[in-house]
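Here you go, one structure.
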């Protein structure tokens, strides 16, 4: 799970060279078109060889949404770029799936890069996918690495003419798509929240070595999430502030709302960073506490039995009592053995009392 | 106690869809109205089915305070919104109880979201409740998640015509309500202070594993408190700076005072963060110190008795003195035993002096 | 030593209600007046019942300094406020001894809150006292929690007509009083410096558990000091920058000098924070080092004597040599015992060399 | 691997004194010239004694790229400076290979200092080399410490007239060179990423002492990388914002792209700092865990065998059973020995169960 | 080595009172004058009683450099102040050797405070000395605490008419003096670098308790250095930005160069802070590792020999084999002893294999 998506094999290439630098996630690029206005909608998939027909959507009066799934085919993307008059550097950024989120204004369109984040339950890690937007006057082109179900919600809205979407322009459609992705961030946060709560319980009850790994993993995920969201905040803030020609006035209130949501996500992410740092320290403290308990047991046992063993050792010495009355006369005493046991018992009891006072039991 | 109140089931919904996303805290929504001017006041509870009658308060010349307790009934809130001409996105924010505090200006009113924080003594945790304000020309609408006693103080003031409140407008009323909530933050801080002081004593005297949990708990509460207060500072700062049409000039001095109080809370909260970080380190140090003590006892006992036991072991060897004069002749000495005991005594005394010098006693 | 002075019993009170929220530090409020110009001075204590006579100082042409010692008597402060036309919110701030330092401009006067800090040698802690200033055209009113000797230096200067003070206005007097308090901060820093130096030596020589407590205490004091000084910097910066009507042009250069001093204090305070953090880590490291030493002794003793004891144990086994030549024939050897001792001696020497090589001695 | 390249022997010299302060990395300075326009190119190496001929490139209409490899010869650099009218302070900065990256505008040219970073696989450390640019109207002079292969890519592009480079001016050439160096930073990041991943695995599986050294090494490399990249961001930002006379309008979009890349590198570097801090803590935790395991084994063995040995010691005491029936009658029991073994067995089993419950196995 | 130079005995003094607050470093104040223009120079030492003759340098057309070495004589400094019309507050700052670096503009001159830092090899600590500059139209007055050799380099330049110095004004002279001091900071950094490198090696090879002290010492020196350099950056930045009347246009490019150097120092200092923090953690980790090694040895020895000793203890029990066949018949076996040794050997080998597998060897 590397932090950095590398721009392999790109060294020395001219800027604007179209080379896909990510991981190929779908077999075949799929181009689907949604063409709608308030009255109706038209939906179709476009075969690769009929790509020139896209040019019609550039000028017709309906709102057109072109979704391109799978961006490994640099040549195809290049053709789309030609049709819509997109600068090669923009196309290069679209193909570079490790690019940071950003917004750029051009004469014909606004270009936005965002990150879609999903929680992969099986691998227990975050899936990060780049989604790029080309928002023109009446059209929106989206570039996805692979097909997902997140945008289907919006497709259904268009089909069912539910809400404002069919009544509004391409700018509102773009807003709704980004909003849906931001809603997804909340789900990811929820997942992180769940795991953090679980970790907390584990740490206070029985810290394992795996807890440490989990702390580190969550920390890395929080870093990744932050990396996707913080530039997105700046993007939406820029969109909301500046007067872009392709964004209708009525859309600004929605962008402000979106901005609020992203800020909330960032606040929460920052709080998690703090909590995870705290948990790391809790782990260290808990481990130290556990060791303390172990050493205490060792000390109690040793402290009690080592002196007793010493006394037994004394009575085990082989001095010959018959040679001299000084030589261990106690071995010949009538009550020597009970006396020895009594001494040992007293030491034992004394030790127990000592540790009781130290509150070690 | 999750950090994030989730926007469950909201994914894919149109913006402005009214869905309550919090936890239902009261059985039935209660709408109570206070209508007052300098001369008198009128107080009543409104049944849900007579909600249209609210429209009269929008225009009459008295100050009207509509308090809506319980916001789980999205439909009812929707009706209120229609009567007072509130944008659906605003209503959505009111219903989303996990929203960050914020202020927004509209043509007809100012919209403010704040957080009420109480310390729940039984569960030993913070209760956070969202309170939203719609401040219009002559009316104030407040939305609470559940009934609390905090606003009763203000109700009594209105009834008894005590202070400036009956003489001033809806803006002063809003100020007083927020001020009362901020006073409550002081009580929460007081509680955190108490617990921190208690923790400190515990840590220096006898650090327990529970101390660690308490540090972590307080840290999380401080994060929560900060999260509520920091945006509130920005809100009050904005209100105090910008010239809002619904806020009387005479109210600004009070807002400045309120701003001072909030800043003091934030300063204190930041100081607690630092102190809590320090306490975490103190815990680690104390635990390490405790372990040190335990290991010292272990070392003393072992270091004293292991050599003694070894000597006793020497004299316990079964070499036959009758075969050779080289074989443990000391066993046959007259004063062999006292001699052995003396050696052991000397070692014991030497060890004690050694440890005294090391200042281990 | 709580961080937060609480605004107890204030919840729900109207803003501007005069309630003393601190700790009563003197029995009786003392009002003393200094009235002076270049030619002479007049000094007297005013009985509480003749408080109305204060009004004369508001208008006469001399510089008048009214010092009010003890602010627990809210009613009295209220009367003073009436005479000098002070807004109730200002009086409330004066009585709230936990207020953060601040400056506010009014039509008739400038209002400043500062903190006087003394090091209490007996309790080994910082005494923080609130001192408020009302700086009018020809008068200065100071409110102190209790009488201290810090201002006596200034009183002597007035009496002896030493320096610029009698030649200047109330603004210069106010500057001199604040300057004297800032000089006191240097003394407090000196005290902290001394204790930090002492702690450092202690930590490197023989870290005790009390060191840890002392680190924590100093850290809290540094937090308190910072809390008093940082807003004071902003206050003096504001005074120096903005053109206040009651501050003479010639005073600005002194304010700039004062600002420099405060900045120096803040720089030093920040450096102490860093050093104290470092000391905390040094404590942890030292404790760990100490433990290491203890464990080393334990290991040396155990590692040397446990094998020796084992060998002695071997020779202490009761196999009957008469039954079989295989049963411990060494017990019957002529030089068995010296041989055994020799083996033990060799092991002992081997161990010592081993530990020497490990550099444990 | 010192952080600071020292300005040895420079103390007291006049500013603008030309003294090479780095390490001599090539034997002989090599001056190579590329002179090209859209139609053709001319490439040659210039002997040191014909250096005056450089002056022609200052004025001719083609784009001229002068690359000077090896800057230890201060006199030579001084001559170049004279020809191109370069301020001695600029030449001094070129010769001071420890200078921070910066940009400065002059009347005739723009002066830029950057750092080339390579990962040295053999020494496992970062190679940092200073590359300075003098960008004039039609010429670009680059100063390198030693020959590298990084710029060869660009040379090939010029030779093969591949891409925009032959069609554009000296500004685009400079951009391409810097871009190539930034691409190299990505390779360095990749290397750091690889090593961090490797470290992570090592830390969680089997932390060694060398891991600690590696963490420290990577941390230092990240510091170095940041030190080179952060000022470069400011440089490119300044170039992109301000309207420099020698930079064509069409180049700005490329600078913006470059700026994006540098920002991405910085973001990644910051993330690595955080991850490395986390790894340091993981190391400490892992070491603590490992110790815990060791101490547990010690405790188990000691706790089980010390009491057993004590019991054996009891039965090894030499009380004479024939003198008194109180003296260890159990030695004369018929089943005394099996009984003793049984007791030991019971204690052993009890201990094992005790530790099982503690989950130590 | 206190952080704070105290303003002892200054409490309550009027601002502008001339009291020397530092440590007296020379016996006698020495006033030396350099008077030069392009054509020649004049150098002399001035006796204290002819101090009034200084006034001539205020007005003559040559550049005059007055260096005052030793500032403990407040009266003398006062006289100089009178001659050059220096405000008492400025003189007070000159005498207060603990003042932070700063720049202040007056009608007649610019006042600058800087810190000279030298590394004292004998005491192994930093020497910090305050150097103040009064830069007037044609004169420069410098105040030093004691004579040093740093300025001699500049004196030689003046004497030998080497470089621009004789051709330029007092502003260039001041720049050169500050530049020389900044060059000295590089030497101090070099020293810190050396010691950090040494510490690093020590920490990874054999961390001693003294390493900890050294880390703390270096950390404090870095704090001190930062404290001197950061305000100096602001000073030079202000000088370079604002158009001061006494600074020639041609000097600004040198100030910019100086600013670059100071920024480089600050960057390096910040990097050292980070590296030192890292080293502190490395120390802790190394100490923990060392302990781990010690505990491992303890565990190995104990784990191997304690069970063996137990077995020897078993065979040392005194059960009487003649009473019952159940009583330790193995003592009477023919091969009992070899059998016992064999068991012990097997346990020993088993243990060794166990620890091998744990990779403890």
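Per-chain residue numbering starts at 1, and chain names A, B, C, D and E are given in the order in which the chains are listed.
One rule holds for everything that comes next: contacts are C-beta pairs under 8 Å (C-beta built on N, C-alpha and C of every residue); 3 or more make two chains touch, one makes a residue touch a chain.
The structure presented is a predicted model; accordingly, all values stated were derived computationally and were not measured.
The chains in contact with chain B as well as with chain C do not exist; no chain meets both. Counting every residue number used by either copy at the chain D-chain E contact, under half are found in both chains. For this pair, chain B with chain D, the centres built from the Cα atoms lie 42 Å apart. As a whole-number value, the distance joining the C-alpha centres of chain C and chain E reads 26 Å. Each of the following residues of chain B touches two or more other chains: 284, 288, 291, 295, 298, 302, 306, 309, 313, 316-318, 328.
Order of chains round the closed ring, starting at chain A and going on to chain B, comes out as A, B, C, E, D.
Chain C makes touch with chain E in their complex at residues 153-154, 157, 162-165, 176, 179-180, 183-184, 186-187, 189-190, 193, 197, 200, 204, 253-254, 256-257, 260, 263-264, 267-268, 271-272, 274-275, 278-279, 281-282, 284-286, 288-289, 291-292, 295-296, 298-299, 302-303, 306-307, 309-310, 313-314, 316-320, 323-324, 326-328, 359. Within the complex, the chain C residues that touch chain B are 2-4, 6-7, 10-12, 14-15, 87, 89, 92-93, 98-100, 102, 104, 206, 209, 212-213, 216, 219-220, 223, 227, 280, 283-284, 287-288, 290-291, 294-295, 297-298, 301-302, 305-306, 308-309, 312-313, 315-318, 321, 328, 331-338, 340.
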